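Which chain is which? They are A, B, C and D, in the order written, and residues in each are numbered from 1.
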Amino acid sequence: MTDKRLKIGVIGASGYTGADAVRLLAGHPHVEIAALTANAQAGKPYGALYPQFAGLDLPPLVKVEAVDWQDIDAVICGLPHSTAQDVIASLPEHLKIIDMSADFRLRDASVYADTYGRSHDAPDLLAEAVYGLSEHYRAAIAEARLVACPGCYPTAALTLLLPLVAAGLIDADDLIIDAKSGVTGAGRSLKEQNLFAEVAEGLHPYGVAAHRHAPEIEQEIALKAGAPVTVSFTPHLVPMNRGELLSVYARTRNGAKAADLKKALSSFYADNAFIRIVDDVPGTRHVRGSNFCLLAAFDDRIEGRVILFSTLDNLVKGSSGQAIQNLNIMFGLDENCGLRQQPLFP
Amino acid sequence: MTDKRLKIGVIGASGYTGADAVRLLAGHPHVEIAALTANAQAGKPYGALYPQFAGLDLPPLVKVEAVDWQDIDAVICGLPHSTAQDVIASLPEHLKIIDMSADFRLRDASVYADTYGRSHDAPDLLAEAVYGLSEHYRAAIAEARLVACPGCYPTAALTLLLPLVAAGLIDADDLIIDAKSGVTGAGRSLKEQNLFAEVAEGLHPYGVAAHRHAPEIEQEIALKAGAPVTVSFTPHLVPMNRGELLSVYARTRNGAKAADLKKALSSFYADNAFIRIVDDVPGTRHVRGSNFCLLAAFDDRIEGRVILFSTLDNLVKGSSGQAIQNLNIMFGLDENCGLRQQPLFP
Amino acid sequence: MTDKRLKIGVIGASGYTGADAVRLLAGHPHVEIAALTANAQAGKPYGALYPQFAGLDLPPLVKVEAVDWQDIDAVICGLPHSTAQDVIASLPEHLKIIDMSADFRLRDASVYADTYGRSHDAPDLLAEAVYGLSEHYRAAIAEARLVACPGCYPTAALTLLLPLVAAGLIDADDLIIDAKSGVTGAGRSLKEQNLFAEVAEGLHPYGVAAHRHAPEIEQEIALKAGAPVTVSFTPHLVPMNRGELLSVYARTRNGAKAADLKKALSSFYADNAFIRIVDDVPGTRHVRGSNFCLLAAFDDRIEGRVILFSTLDNLVKGSSGQAIQNLNIMFGLDENCGLRQQPLFP
Amino acid sequence: MTDKRLKIGVIGASGYTGADAVRLLAGHPHVEIAALTANAQAGKPYGALYPQFAGLDLPPLVKVEAVDWQDIDAVICGLPHSTAQDVIASLPEHLKIIDMSADFRLRDASVYADTYGRSHDAPDLLAEAVYGLSEHYRAAIAEARLVACPGCYPTAALTLLLPLVAAGLIDADDLIIDAKSGVTGAGRSLKEQNLFAEVAEGLHPYGVAAHRHAPEIEQEIALKAGAPVTVSFTPHLVPMNRGELLSVYARTRNGAKAADLKKALSSFYADNAFIRIVDDVPGTRHVRGSNFCLLAAFDDRIEGRVILFSTLDNLVKGSSGQAIQNLNIMFGLDENCGLRQQPLFP
C-alpha cells in the first residue's frame, strides 16, 4: 500500500448508515472521502445534516448525477432498498461498489420479488453480486466488483449459525430466532412509530412472521445445510439507539452440548479479530460503536436444546463497519484498518 | 359493602412493589392504608422514601414488630423472598395475607429448596397458601387466608398458556419463552447491574437456563398438562422502567392455527376485564401503569408453529395490581375496584 | 350534581394531549365521552390510534363537521395553534369550550400576530376568552364559556412566579427561566428532531430567545407587576416522555430569603390540592402522570439571589389535566374530580 | 518521537473515567498500558469488570502497592477525591502524574478543606500541581510533573467563560450557570439515586447552591477577573449516560453582543482542534464519545444579556480525554494524538 489514499464516495449519505460510514471513513488512514450524495439534501454542507461532522473537511452533498466518478475508486451505497439498484446500475464500470441496501442480497430474483414486492431491475448485477458476510466470503469479496452487505439481523444470525450448521451440530429446520434491536435499524425516515414518545419506556415485536430478513437468513443457511430451510424469526424494537441481540433457540444433533458449539465457533473464528466467543452473557453495550460481534452458547433446561446469543452494533458490524471491512478486503488493505475503535460503554 | 373501609397494612413498603401497592391503595375507595413497615427505614415518613406521596396522609414507616394488628384486616407483603416466610408466620391469625414474594408460590417444599437454595421455614403455611393467579383460582382465593401472588413472568406466561394447554391446543413439552422486562423487576436494591449507566442504551439476557421463575411456570403448566413439564425460559433486561413482554414459541396440536388459539383465549377470558386478546402486536406501553394483560397469537413461518405474546406491567398485574385484585376477591369487593386506571402512554 | 353525566367532546383527539384528556376523562365519574374528532383519521376506532384504549367503549373518530353537538355539554379542544381558532369559532353557542391550543392565550391580538406570525381570525372570541390558570382565575373560569388553557411552560412558570411577584418578593425584570421538558411537549407530529434516535442519549436547547411561550409568561407577570416585563426563557429537550422542570434564577427584594418565598407560596396555595411546596429538590418523576405541580426555593450562592424550581407533567397539569380541572370549575364539580391519580414512579 | 511507546499506568481503573481512559489509550499509537490498579478488584482480569475490553491484551488489575513503577513513564489517576492525594504522594519521583480526581484542583488548601470537608494531606503537591485545562495552561502543563485535570463542569464552564472574562466582554459577578449532565458523572458507585429506575424518565436538580465544582469555577474566573467571584451554579441530572451541557446566562459589558463574544471565542481557540464555536444550538450528542467541546452564544430577550452554551462529553473532554491531551502535552506528542475519534451519533 502506497501513501496514496483511496478516493471513496458515499451514496445516500443522509441516512444513519451513511453517517456511520462517514464517521468510520473519517478515521481510516488509507481513505479520503471524495463525494457525498443525498438527492433531497443536495447543496447542503454535510454538517447541516450531521452537526457532529461540521468540523471535518468534507465535500458538500450533491445529487448522485452530479458526481464526477473519474477519480473515485469505490462507493459505499447507503440508499434504501428498491432505490439502490437503479443507481448502482448507472455507475461506471471502474468503480468498486459496496452496497448496504437489501437490493443485491437475495441471490434469486424471484425471492427478491416475493420479499420486496417488486421485480428486480438489474438481474445481471444481482447475479454478479457477492454476499458480503466478510468472515465467510473473503475470497469472493476480494475479487468482487459489487458486494452486497448482509442485513444487520442476517449478519448476527449467520455469523452465529453458519459454522454450527456446517459442522452438523444443530438442526437447521427448527431454528427459533428472537431478535431485539435498537431504533436506528429503522433509519432516519419520518414514521410515527419511530418517534421518541412512541418508543421510549416500551418494547414491542414487529414484522411478526413477515420480516424481510428471514428469507435472507434462510438463503444462506440453506446453502450450508444443503436443503431449503425455514426459520422462525421475530424482531422486537427496544428503546435504545444502537445494538442488536439475537437469542436463538436450537436443537443440537448427536448429543452436542453448548461447550461443543463454543469450541466449534472458537475454532472457526480463530483468526478473525471482530468475532469473539464469550463465556458470560453478552450485551449490546459490549459492542456499541464497534465492529465486534459477540457469540455465546448455553445448554437449555430442555434436554437437547441450546440457547445461543449473537450481538453486534447494527450500524457498524451490521452495516457500515462491515461495508468498510469489505472495502479493505477488496483493496487488499489490512481487514481491520479503520475499524479498531473500542466499544463505547457506558 | 358498607362504607367502612378495610384497614390494610403494607409490609415491606420500601421497595418498588410496596410503593406501587401504596399508589393503587391510595385510590381504592374501600380501603384505608393503616400501617406501613420497612425495618431499615422505620421512623421515616413514607414521603421521605417516595416523595411523590409526600402529600398523602399516610402512617409513618415502622418496624413490622411495632404494628398493632388488632384493627387491621389484611396485609400486602412486599418483602424479598426468604425474608417473607418468617414474618408471615409471625402474623396473627385474623389477618388475611397477600404475599407478593416468592416464598409461597412453589407448592412443593423440595422444589422451593432446590430453587431458592434453602429449606422452607413454614411448610404448613406453604401447604395452606393459594396460588394467586386471579383469573384462574378465583374460588380458592376467595376462601384463602394466605394468597401467594405469582411472579411477574409466571403471571404473563400462565395467563397466556394455561388455557391453551388445558384445551390441548399446544404442546406443553416444547415451550420456548423469550421474556423481556424493564428494570423495576429487579427491585430497588443496590446492585451494580441496576445502575442507570449499566442498563441504558443496552440490552442483555440474564439468568440463562437458571431463572427462578421457570420452576413456577412449570409447576402450573404441569398441573394443566397432567404431567411434568420443562420449559425453555430466557429473560432479558430492557432499558425501561416498567413492562414485560413474553414471546412464546410453541408447536400446535392437531393442526390448530393462531386463530383457534385466539378464539380459545377470548372464550376463556370473556368476562375478565383485565385480560384482552388483541389482533395487532401488543406493546408494553399499552399496559403501563395498569392492571391489564394483553395476549396475541400469530402463525409462524414454520408450519405447525405459532408465535404468542403476553404483555403486562410487572409492578401492577405482575405484582401489586394482582395483589389488590386478590384482596378484592378475598373480601367480596368488585374485583376491578381501585384498578381501573388506564395505561399511561406516552 | 345529579347522576346525569356531562357529555364531553374531544376535538383533535389524535394528538398526545387529546389522548391524555381521554385517559383522564375515562376515569372521571361525572363525565361521558360523547364525541372524538380527528379529521385526518376520521372513521377509525380510537383504539387504532391508541391501542391502550381499545378496550374502552368510546365513540369512533369523526370529522369535526360530522358531530351532532346538540346533546353535548362541553368540548376540550386539542388542535394545534392556528387551526383551533376557526374550528372553535364555528361551534354552537351552547357549548362550553376548553381550548388547549395557544390560540386564545395571548390577550392582545397584535402580540398574537407577532408571536404566531399570522393575524387572529376570531378577535371577538379572543377578547371573551378567560386565561385558564386554574388556581389564579377560578372565579372567571367558573363564569366563562371559552377558557384558554395556559401552555405547559407558562403553567409551571406562573404557578411559581405570580404569587412572588404579586407579593413584591422578587424582581420581575431580571427573571431567568431555564426550562427542561420531555419530548411529548412537541406532540405526535412527524418531525425529524422528534425521532427516537435524534433525542435519546442527548440533550439540547431549542427556541433560544424565541420560544412562543415567553410572551405568554410575560403577559401574565406584567399584569401582576403592573408594568411590561421581559423574561429570559430558554427551553431544553430532555430524553424522556413526560415532565417539565423550570429552574428560575431571580433577585429578591428587600432582603427576602428563600424561606420567605416558600412561606408566601405555601400561604397562597394553602387550599389548593394540586400545588405542593416542597423542601427537597423536586423531580419530574414525582409528578409523572398526575395533576400536581411542585414548587421549591433555595438561597443562591450569590447574595440576594434565589434558585426556584417548578415541575409538572406537561401533558397533565401542563395541558389535559388542567383542562379537566377547568371543566370541573366551569360545571361546579369538585375541582379535583377525576384528577386524583397518584404519580407513576418508577 | 521514536517508536518506543510510553508505558502508562492507570490507577483506579475500575471506575468509568478509568475505563474511558483505557478505551482511549488502547487506540493511542504511542502508548502502552503497562499497569491497571483497582484495590478492591485486584486479581481480576480487566475484562471481568468491563467485558467490552476482554479481547484486548491488558495487564490484570493489581493493588496500587503491587505495581513495579520502575519502567513506567506516567500514570493517569482515576481515584475518587480524598483517596487520590495519599496514593499520589506515595508515587516515585520519576513518574509524571495526571490526576482526574478533585484533590489537586483547588489551589488554596483552605478552600479545599472548606469544600471537601477535610484538610489536605499533601499541601506541597497541591502547590506544585498545574491546573490541567489544556487549552489555557499548555506551557505549564508541558513542564509539570503533576497535572490536576479540571472537573467536568469546570472544563465546560471555563472553556466558555475564561476568554470572555479576560476580554472584558461579560460581567464576572452575575454569572448564572445552569448545568445538565448525564449519569456517568456520578461514577460507578452504588447509590440508590443512580439506579436506572430512579433516573430514567425523569429529571431533577441536585447539589443546589452547594456543588463542589462551584469553587473550582470561581477560582479560575477570579484569576482572569482579578477579583474574587461568586457564581450561581445549579446542576441537573438527565436520563442519559454521557454528555453535559451548560447554559450560562450573563450580562455583557459595553454593549457587547453575542456576535462579539463568538468572534472573541473563535479568535482565542483558532488553533485548537477540540474547541469549536457553532452557530446553531449545540447538543450533547454532537460530542458523545469525543474530545470536542462546542460553544455557542445568543442574544437574550432581555437587553444586555446573552445566553451561552458549552457542551462536552463528561467522560472524555470532561475527564479521560483531557487527561490524555495533557499526557500528550507533557511528553511532547501531537496534542490530538489518540483523541481523533469522531462523535458517536446516533
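We take it that a contact is a pair of C-beta atoms (placed from the backbone, for glycine too) under 8 Å apart; a residue touches a chain by one contact, two chains touch by 3 or more.
Everything numeric here is computed off the predicted structure, so don't read it as measured data.
Q: When contacts are scored as defined above, which chain pair ends up with more C-beta pairs, B-D or A-D?
A: Looking at contacts between chains, A-D has the larger number.
Q: Just grab the chain with the largest centre-to-centre distance to subunit A, centres being mean Cα coordinates.
A: For subunit A, the chain whose C-alpha mean is farthest off is C.
Q: Measure off the straight-line distance from the CA centroid of subunit A to the CA centroid of subunit D, and report it in whole Å.
A: Taking the mean C-alpha position of each chain, the two centres sit 36 Å apart.
Q: Just give me the whole-number Å value for how far the CA centre of subunit A lies from that of subunit B.
A: Inter-chain centre distance comes to 39 Å.
Q: When the centre of a chain is set as the mean of its C-alpha atoms, what distance in Å lies between subunit B and subunit D?
A: 45
Q: Which subunit D residues sit where two or more other chains touch them?
A: 16, 183-184, 197-198, 200-201, 239-242, 282-283, 285, 288, 345-346
Q: Residue numbers of subunit C touching subunit A in their complex, please.
A: These residues of subunit C touch subunit A: 16, 183-184, 188, 190-192, 194-201, 239-241.
Q: How about subunit C: which of its residues touch subunit B in the complex?
A: Within the complex, subunit C contacts subunit B at residues 16, 19, 23, 26-27, 50-56, 183-184, 200-201, 241-242, 273, 276, 278, 280, 282-283, 285-290, 292, 315, 340-346.
Q: Would you mind writing out the residues of subunit D in touch with subunit C in their complex?
A: That would be residues 173-174, 176, 178, 180, 182, 197-198, 200-206, 208-209, 214, 230-234, 236, 238-243, 245, 247, 249, 281-285, 288, 298-303, 305, 307, 309, 311, 345-346 of subunit D.
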